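The following pair of complexes shares a single chain, subunit A, combined with subunit B in the former and subunit C in the latter.
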Partner chain A sequence: MSEMWINMGPQHPMTHGLWNLRVRIDGEMILDVDPEMGYLHRGIEKISEDRHYNEVITLMDRTCYVAGMAWEHLYIQAAEKALGITAPERAEWIRMMSEEFQRLASHIMWYAAFVQDLGLMSPFLYGMRDRDLILDLFQAYTGGRLTYEYMRVGGVRNDLPEGFPKQAREVLDWLEPRLVEYDRLCMGSDIFRSRCDGLGVLKESDCVRLGVTGPMLRSAGSKRDIRKDRPYSRYSQVEFDVATADAGDVTGRYLVRMEEMRQSIRIIRQTLDWLDHHPGPVIADHLPRWLGAPYAPVGREGYLLKRNYPKGVGLSAIEEPHGEACAYVVNEGGEHPYRVKFRSPVFANLSACSHYLVGYRVADIPPIMGSVDVCVGEVDR
Partner chain B sequence: MESNPEDIRAQLTAAGAVGVLAVEPFDGAAARVKFAPESAAALFQVFRDALGFTHLSTVGGIDWVTRYEVFYLLWSDATKRYVILSADLDAKTPHIETASPTWPSANWHEREAWELVGIHFDHHPDLRHLLMPDGYQFHPLQRAFKLHEPEELEVKVRHV
Partner chain C sequence: MAITTLWDVAYFMATALLGLVGRIIPPLAAPLGNVDLIWGLAALVFGAILLAASMINTIMLIWFERKMLGRFMDRRGAMHVGYAGLLQNFADGLKLFRKNTFKPRDADGLGFYAGPTAYLVTSLLMFGVLPVSTGWSDGSLPLSMLLALVIFSFAPLFIFISAWSSNNKYSLIGGMRSAAQMIAYEVPILLAVVAVVVVSGSFDLNTIVNEQRNFWFWTLPLTLAMIVFVTGMLAEMERIPFDLPEAEAELVEGWNTEYGGMLFAYFMLADYVRALAGSILIVLLFLGGWTLPSYVPAALTSFPLAGIFWLMLKTYLVFGVFVWIRAALPRVRTDQLLRIGWMRLIPLSLASVVIAAAFVLVKCVPVLGCVPSMGG
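So, the complex of A and B:
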């Protein structure tokens, strides 16, 4: 047989976004892969250097367009550390709840797209139907369904509207039995199992070596979860378990994400209970006005003169739906960050792709890459 | 997570690390370790093998106009903490030894830092453009690269 390179992408049903997977094949066997990225590079790190601190939040929603809240949370934590501002307690709990809702929405979106890649159409429709309910919730308290611009340096933009906890609990009550249904549709299907079991295997030691994090790492048996290992926000005050699997294959990643959805529901229920009993301010007082013209913060008139700009460096890490995300914000005194650096989990997970693709067949690429949950927006930034 | 530079300093001394210039406290990490770029390769090994920082989270560069800074964010599964390594590089020809033999995950992070910030990583196995088009001559994250002025592009076509 003769070897050849083929392009899967930039327009291909497998890619879920604009990127190109170049594959060297011999017949059906994959001999080598070379991902080509950059089609979606918008220079978010560069643009951030030219914006006020609150204006960067707009970019965060667009960094990963299925996990906007998680990225807002990541950036806000680093920016607050760099500026020396702390948010009120209630704001922290609302942020945590938002991140978990986002994890649910992101995982359901992944489920819908991934199972559709395998040729099963009904789960796609079920998934999109249920994700819409979560987007309705986001709309109820942020006004946006995909790009929220909700969090602010020093808190969040507005408190939850009246009746929100009831609506949220109804959605959770509806979702919980649906997850069982999802599971039965997939794990009970021979087609699904025969296309997923034992594919794209990456052992735990390889994951660590290659920088692979998130559900991919936990499906190989590791228990690393930033929410547990290095609790941020108020994660130390809620109960949840870290989902793991052993095989490190496509089925393992599926099982981990399914369990994470159940755990997210568990966390959201606890945050809703807390929020019921702890009213209070959601944004800090006396925030400097230069944080975010024209989106002036809700707090009172600023107190800092230009010569009193604080300096600092902020590092934050969160467990984003795809894995470990980090932000490094350098504040050199001034209205704009001097340098913003983001660590995208999918970027690292994708960089290891030759290790979990080579040796399998061309028809295995959609299930394997589907199980990685590629979001090109955060790879290219 | 409390910063604990004394612990890192003691472990580095016990491992016989050379080239460490300073160990500073850092909010959110165990410490920020400043090191001399010449001793990079040996120090990476010390951090991975003796101190247990098995996971390289990211590599980034900062243009300080008079110098460049390259920083590495490391994570240890055993002690569950981050540490930041940071080195100052010469402004004219910023270069440092690659970390990819120690942490293979450095490959793409260094490719990104090279094309966006302009730091060259010596002996890197595959230093090609990643996010920018092939043949792109600029380094957008340098301070000299102005956001509002169009750059003149001459993009080469790749022949496979």
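So, the complex of A and C:
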């Protein structure tokens, strides 16, 4: 058979979203790949310029639909820096707990989708079952299961409901043995190992050169984790280890993510203990009304004079479940951010795909691309 | 006349039908009494009953898989149509039947339509050959096992024809994978069957099954052959972990990507027909078919239709193992699959032939009994 291009996408079971991977193959061998993204571009950064600071949070949930809380956290940090507002201590801990719960949910979702690409249907349903418990938790304190709109500039919307710590601990107690079960289903299977070992290798130096971050970078031996390197929120006050692997292959990414789930559980347990003993306000006092009010108070000319607003620039970076995400919020004075810019980790991870796909087989594309954990919402924004 | 076999039922129905017509239209009574005519009609009735039974069993097999897979996955499976979802597959089939079947513009019409049809028809032929119980399928052929395997190996041809004529790259890759896989796994399957033939001394499935009744440690010399045969069958049925030709993660649906509606239903049905036939074949060759070992109380085998009952029970258990495998294993890669086939299974199947031959040479093992010698 001669060489040919095949389009894997935009509607293809491998893509897990709306993007197109063009692959040049010779028989089963991959000669060249060309990712095409942008099918899901919604102009979130541009829309943000027309919204009040708190209204942008709605868009953040939609940026990455499996890690909404992490993106809310990212944006809120940048916006607070730009506006010069600080959140109460308890709100910071709740945010950190939310982000870790989101990491758990996101990684479980990744696990489910990844093993399903390998033809394993049962772990997919186990994953969905267990992720649902975390979504139940989110529902208990935010009211939403995927799109929470929970964080606010200057805090969080509401405090945790009564009985939440107990419910959360029950979920964690349920999840811990499940993670062992997940591991046994995958690492205990020779077929799984033979499908994943040594595939999609990306060395640490290449990761750094290409801007590949997150579990992909750590699986190559790096210990870079913003939660440790540049602690934000209250990550400096909790104990956890950075998960790493050496090989930089699909198995390595799998191991890193599984370990991260265990570490997330560890962090959440510490956070819940802290929250038990430190009641307090969850949103700052004396916040300007124009931050989140659907209708901002307007002056005589129809808008407030620009000089009445604080000015500033906010830059924040967090360790999102998929990698390092950055947000840059420019506040030129006014009710809306002047400019909002995000760095999506998956965009960089995905753009580098020719470096870890070429030379493998067509049948290797699902496990390799699955191990990248693509979330098209944040790629295209 | 005591009605004990399917052939008796068919003959009785044919006679009754023709007799009825003869009574209503007296001038036709004499020509309708013709023995050849009755036999011909009886053969048709026989085939119709066989077809209906195998189709219903196939659909029940799908239900069985869905329910069992559901339990493995911590869910319930189909629940709503009929009791415990028993009629769900009939509903699904009717839905597909109502759908418009369309052909891609550049697809080759003949191959596109004939491929799935031939695939289903040849798969169904299996039930004409497989004996299901004593007297169920009339006229035991001396080479029925060989014929069954020949029919079983038609499939890659039709899959490749339909894949090629779909004019789709995914279909073509899937079709080529399918052809490579099935041809590679034919060899160990046939060699494993040789071991069975060596021990039983016959190519006739009826004889093979009857030998197993008297020789209850049958599986001992054939354990290796059985492992090879089951693995090969798994690949022939294109089930996980060997379902690469339709690996949906990379090839969408593999060779049936372009098929929809009833043609897709043909493929699905034929897959399960082959799964049923393959499971029956495993039961016939290695697990005693419709018989139970001779030391089992006679009451267990003497009730009406006992043979079919035991055969189907064993078949569903074997298929249950396949479902279990599907729930527990990921899919292998093409090169790994071919390596397993050529480098592991073929040596193993050769070894199984040697082991079987050694047992036949020893003939009698103390305590266990005697091997049915070659050719009786």
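Rule of thumb we're sticking to: the second predicted complex is superposed on the first by the 367 of 381 C-alpha atoms of A that agree within 3 Å, B and C clash if a C-alpha of one lies under 4 Å from a C-alpha of the other, contacts with A are read in each partner's own complex, and residues count from 1 in each chain.
The definition used in the following text is that a contact is a pair of C-beta atoms (placed from the backbone, for glycine too) under 8 Å apart; a residue touches a chain by one contact, two chains touch by 3 or more.
The shown structure was predicted, so the numbers you read here are calculated from the model rather than taken from an experiment.
**Q** Putting subunit B and subunit C on the same copy of subunit A, do they fit or clash?
**A** fit
**Q** First (subunit B), second (subunit C), both or neither: which does A:Gln116 touch?
**A** In the superposition, A:Gln116 contacts subunit C only.
**Q** Which partner does A:Asp136 reach: the first (subunit B), the second (subunit C), both, or neither?
**A** Neither: A:Asp136 stays clear of subunit B and subunit C.
**Q** For A:Ile6, using the defined touch cut-off, is the partner it touches subunit B, subunit C, both, or neither? Pick first, second, both or neither.
**A** second
**Q** Quick one: angle from subunit B through subunit A to subunit C, Cα centres, nearest 10°?
**A** 120
**Q** Let me test your reading of the model: by the given contact rule, A:Val362 touches which partner, first (subunit B), second (subunit C), both or neither?
**A** second
**Q** Figure out whether A:Asp285 sits in contact with subunit B (first) or subunit C (second), or with both, or with neither.
**A** After superposition on chain A, A:Asp285 lies in contact with neither partner.
**Q** After overlaying the two complexes, what is the shortest C-alpha distance between subunit B and subunit C, in Å?
**A** Least C-alpha distance after superposition: 16 Å.
**Q** In the complex formed with subunit C, which residues of subunit A make contact?
**A** Per the stated touch rule, the residues are 1, 4, 6, 8, 12-14, 28, 115-122, 124-126, 129, 185, 189, 191-192, 194-195, 361-366, 370.
**Q** For subunit A, which residues count as touching subunit B in their complex?
**A** 5, 37-38, 41, 43, 45-47, 49-50, 81, 208-213, 222, 224, 229-230, 313-317, 324, 326, 328, 330, 338-339, 341, 343, 347-348, 351-352, 380-381
**Q** Can you list the subunit C residues touching subunit A in their complex?
**A** Checking each residue of subunit C against subunit A gives 69, 72-75, 169-170, 173, 176, 240-241, 243-244, 247-252, 326-336.
**Q** Taking the complex as given, what residues does subunit B use to touch subunit A?
**A** Spelled out, the residues of subunit B in touch with subunit A are 1, 26-29, 54-58, 60, 62-63, 71, 73, 75, 77, 80-82, 84, 103-105, 107-109, 112, 116, 129-133, 140-141, 145, 147, 160.
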